[in-house]
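Take a look at the following structure, please.
We call the chains A, B, C and D, going by the order they appear; numbering starts again at 1 in every chain.
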């Protein structure tokens, strides 16, 4: 039986991405991935944000293999291990203290949804209220608690029960510039007869990835934080997808001036694609009873080892940050060029995003799927996002080289040309046009 | 700062087991674990059931390190990889087909709770009903959906919201022999005015581990399964803690004659203590839409590699099964001896469990905690279970040697003597007494 | 258009009893009712228990008409009126103080369901818990809160949403004598891992009318009350259908030795078939904020006038109580006779109930509907009850004469004969047989 | 014991209005009411809208007393009676057909909340969806279902459980003119990832009475209705408080061009202050099973008799409608005069409402309570409304004479003068000023 046949016969129909990329992958390194036929692909998807440092980075691999060969602790529940002590200390020293951030670390089960569920529980416990406000097009996970703060109707309906104790409010820019979404929310909060049960917390992504690469402005975030403070509401930042450097800084909200009450991290946290998650909690909110939340794999030490190594190797200086910002600017210029050319042919598009999560949104929602398929044929792994898959989402690893980035954009240009019929110039040509 | 200080200052108060075992562990192998002071411990806890094959088993380690060094795929979401194809195929060939079991595999997020949440979703979707019946003292996980089928009040209250769409019914033996718990449930199901909303599914552990090492009889399981069939209800077996060989067979329900509609596996599934989970689904129930459930780490290939290797090395013959049954019998005889001696001193105790999940339950619920602490001092890691921690729970790795098992039981005997004041004879002496 | 045509064309399909009694009624007095064709019916249904004192009793009518003619206050919300002051005082003097009962009166909206919803709210507020335990086959009303403590699946499904924060437990006799239902409940309460969220209250009918004329024994009620006290749970008696004298005493639980925390009254409370309801509350539990519950028609003074008059005329001595007990005994003897004769012909039946709520339950659930229809043809209004309508329910007014009671039973005997083919002797003959 | 002492000792603390009007009332006629001391009050509260035709109107009283004296049917559950047939027919002939309205009538329990619960159930059943959208500051009743579509936090919290399956959206004018509230709602509906579970229905009052006398514009209602149609959502108009002529037409939405799917009526429906409620249902939506909703007092024939008489006497011509509009215009002119004079003294106020539900809203929310108290001292019964009781609410009977209306307004002018210190001219003077 071939690999593909095995999947078709024995794997559940729930499988999804493999339908867009119907091959069997075998090997990967950095921004490149190979299938069993030996075909090479450039990866602009990066494990949906779990591979910010690329596939199998050598520095982390070395630390991991050494640890394994030495028979150090692999699995420890929440018992103390050396690897965990070193991770906590490094996180304080390299990440938190330099940013003047004072947080305690909660190791939840090793998935993003587990971090979100933990944060929701703690917020409700601390505030003794049930309701939590989330935002339109938000995505926070697939277990029942996280799903109840997720916007997507298909995913919500999958719950099979009605989702309660949460309220959706409009995200930044939800009505373009016609409605001030902070004002919409503020009135509900200030009016004791609005029907909005006073929430324990707001939970929000600073850039909604699944929701369509919607970046909240730093001003909006600050206003939201002020609103939370004014109404005694906790602010939970879900930085699972866009934290760990995705927007150019370790935390996505740096520069906004906010101090979240809790921060959820996962995906690229382990830095090697292995499962790990945690919640950073302001010390005064750490009101857990021992064991009130738990999980078998919350002590995944292999992930602790690579997570720590990544902090040491990538976050002790601003080299990576600068590189992300530079590549972001480059890609945005080129995407703007694409957009301009497309609009010349009456195809309405928009460039979205921040750092290295960028999107090209199309008015015609049928296009991105076709473009992604055309990219795949040309050796580029890229996905769509948004409620109607109306956004072509660029999510390369942060460590991608400029040349690889240009190569990927070149494939996109070719795919755009093939799908839309417009002649889209190469990235290099776009840069020249922009610099004129 | 010492390791312990780091945890006290920076880790959330939610940490729990480390309070029973207050040292920093560094290295582990098989049934043994060492701390930073070099002290050796025998491990009768085995990662709460996640380390059935012991710590860092060499056969699996080799496969894992080779895979890493070769830069094969680490993280793949639900894209096809060679490692995954091989795992699925091996599972069919080694585990399922020899048992005449026809199931499709759903890769959920890599934690047990994610598998449970997936099974609940699917059951509700297939049956178009909301309610799910679970059982007293059941434990199925800590995210909102799983928590709603978990009995423990402290953990339920942690949700901060009321848990709905589920109903608890009495587990096998809940009223000792005074009430037929199947009859209690059957009447509720048969009566359309009972107030029990007709459930989509039953979810049950065959041996409740957290709940106090309560083993359902195989007869009870069969009756439950018959009841499910008669009333068009799905049967979900949560084999997360007691599957993967814990009771002596790969699945815990082998021999009962039941064919569950879904089976949740995790914990020892990866065989190396790394996060992995899946749900086995009868093909006709696989009614998922693509992507209706998902999770970033559902393609944790490192775990696939070791999971497969364990199937190849431990489950192609009945060597391990026989060894588990032998060691179980041995341990039970010795525990019965302890019980008899304790009762001679008017300390009421009871031996519980099946396979290598065994318990010594005490009428005086304050004893097991003290006994576990006395074991720890003597170099044995062991935990308690049950609603009032009234059970001393023996959960060694399945690959523990007979000598190690005897050593652990000897420490327990010493601890019993120290805590209760009764003179408890050695395991060897107990066996002799039993054979008289 | 005839009356019947009007209903068929313009009234909602939700109408129900009119389908069993398809005529248009015009006039009624005592235990008799006439239709537009002038046909006379004997009434063994009594407004589903709302007409304990018969139709349009003259003493109450006089008080009501005088009040109306005098232009006294009809509608007052919860403002003070003379009629309300007099009712409250009379209730204290005639009903409560003679029974050594110390309760405050809450005027809810004028329907039973409103009283139940109020009691549930207050119990949850006082105990700061969400869950409420109700009992299999219980019926407490059709608004969302009351429905969530009602057993019937068809009615529950009508909610269109899942009903939460309540748990059904087995009622007295639910497993005949095979299972001690108090024991079933007690274990759930005593075990903190049972999955039963600790309830704020029990809500229970002493005789389940809709549920099939199931009478709880006074011993069971006392045990339930003791259980409530032992576990800090409030006991709410829903005496809406079987209070106001139905079982022979004003409250149905008299003689059991219990002191409910709250008592819901409605149906026959106004004594004239007009809407009225209230909750009696132990003074220390009256922790309402002003206006925390309300309702436009909670000040229905016309009902207050007749309610008070009924207390004065029927409850200052034990004349009515004795008469109810006498007629109950008589009817039970005759029903036992019917049962004996039916069983001679292999039709299994059972006599159920207490006071003047009596039932003849059939193993063959198709019979009671046919018998009730045969009664209707013969001029007797009678209904069925129970989850499968397996009970023929006798619910005559309490003021029915002995002759009328015998007449009704005679019609039942004829209907039994006609439907079952067994020759059932007359009531008079049954009494003679019994006295032999 | 005096009446007041009886209430203080024996009535629940939940009583509310009696605290504003602390006397014992004995007699009432038209717009006037007397207490036990013989003091006369003018009534601008009209039973919170339940006494649109005044207290004890002679024409209805006559019909009611005749019916009683004739021993016609008082209580009938949902069996057919002559009184009910006549009511249904008259409603079709006098109210519905002349307005080209095709609806079936569902008799619910006799309270507004019962009508609302019924409408919610049916909407969810027909659409097979759980969610219902309601509006900020809406009030629909106090049982659990109705409460879940009510905005007021104090009342919501009284539930003691979290309220689910409903979503609040901003009512007309919620952001003054700054935000288009229809646009806010439309975006949520159109976006499948908004987090708004697609609703079965909208439920809305055209003028929010309790919520602060907020009148939706007819344009807004039409847009809302169009939105409902476009998204396959049912529109339920809760006309309990402002139907039955309160705004000048029988239904409050006449003139807007909408055709609601369901209409809830109660309060003044019986026309005599006696309990009665119904839901008008478009025939194709009448998908109830028999008995799927019920209630003991849904056949309150005494109310049917007066309800029918009121239709015959008040709604066969447009006399009452014209009179309401005239008196509304008069009162609004005078209130505008008050407002103008208050603002001259820097007290910010606003005139709100439609027909004979009018409000004077104050920026300083402490004023209306004081003004209402000052009115009461001067012999006028008047209440406040709004989330902070910031509105003085004028709700006289529709049949009030012009002279009585002017008298009441004169008392308000005096109370305004007394409370604010501004000299407010008489109503007559205001009219002169306005006509200049």
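Brief remarks on what is shown
Please note the rule applied: a contact is a pair of C-beta atoms (placed from the backbone, for glycine too) under 8 Å apart; a residue touches a chain by one contact, two chains touch by 3 or more.
Because the structure is a prediction, the values reported are computed rather than measured.
Its C-alpha atoms fitted onto subunit C, subunit B is found rotated by 180°, rounded in steps of 5.
Greatest centre-to-centre distance from subunit C is found for A, with centres as Cα means.
Between subunit A and subunit D, the centres computed from C-alpha atoms are 50 Å apart. The distance from the centre of subunit B to the centre of subunit D, with each centre set as the mean of the Cα atoms, comes to 59 Å. Counting partners per residue, subunit D has 130, 154, 161-162, 164-165 as the residues that reach two or more other chains.
Put simply, subunit A touches subunit C in their complex at residues 161-162. Subunit B makes touch with subunit A in their complex at residues 1, 3-4, 6-7, 10-19, 21-29, 33, 36, 47-51, 55-56, 61, 64-65, 68-82, 84-85, 88-89, 92, 104-107, 109-114, 117, 120-121, 123-125, 130, 141-146, 148, 154-155, 158-161, 164-165, 200, 266-267, 272-275, 279, 281, 286-297, 300, 302.
Interface residues of subunit B facing subunit C in the complex, by the touch rule stated above, are 130-131, 134-138, 150-154, 156, 162-168, 170, 174-175, 178-180, 183-184, 187-188, 191-198, 211-212, 386-388.
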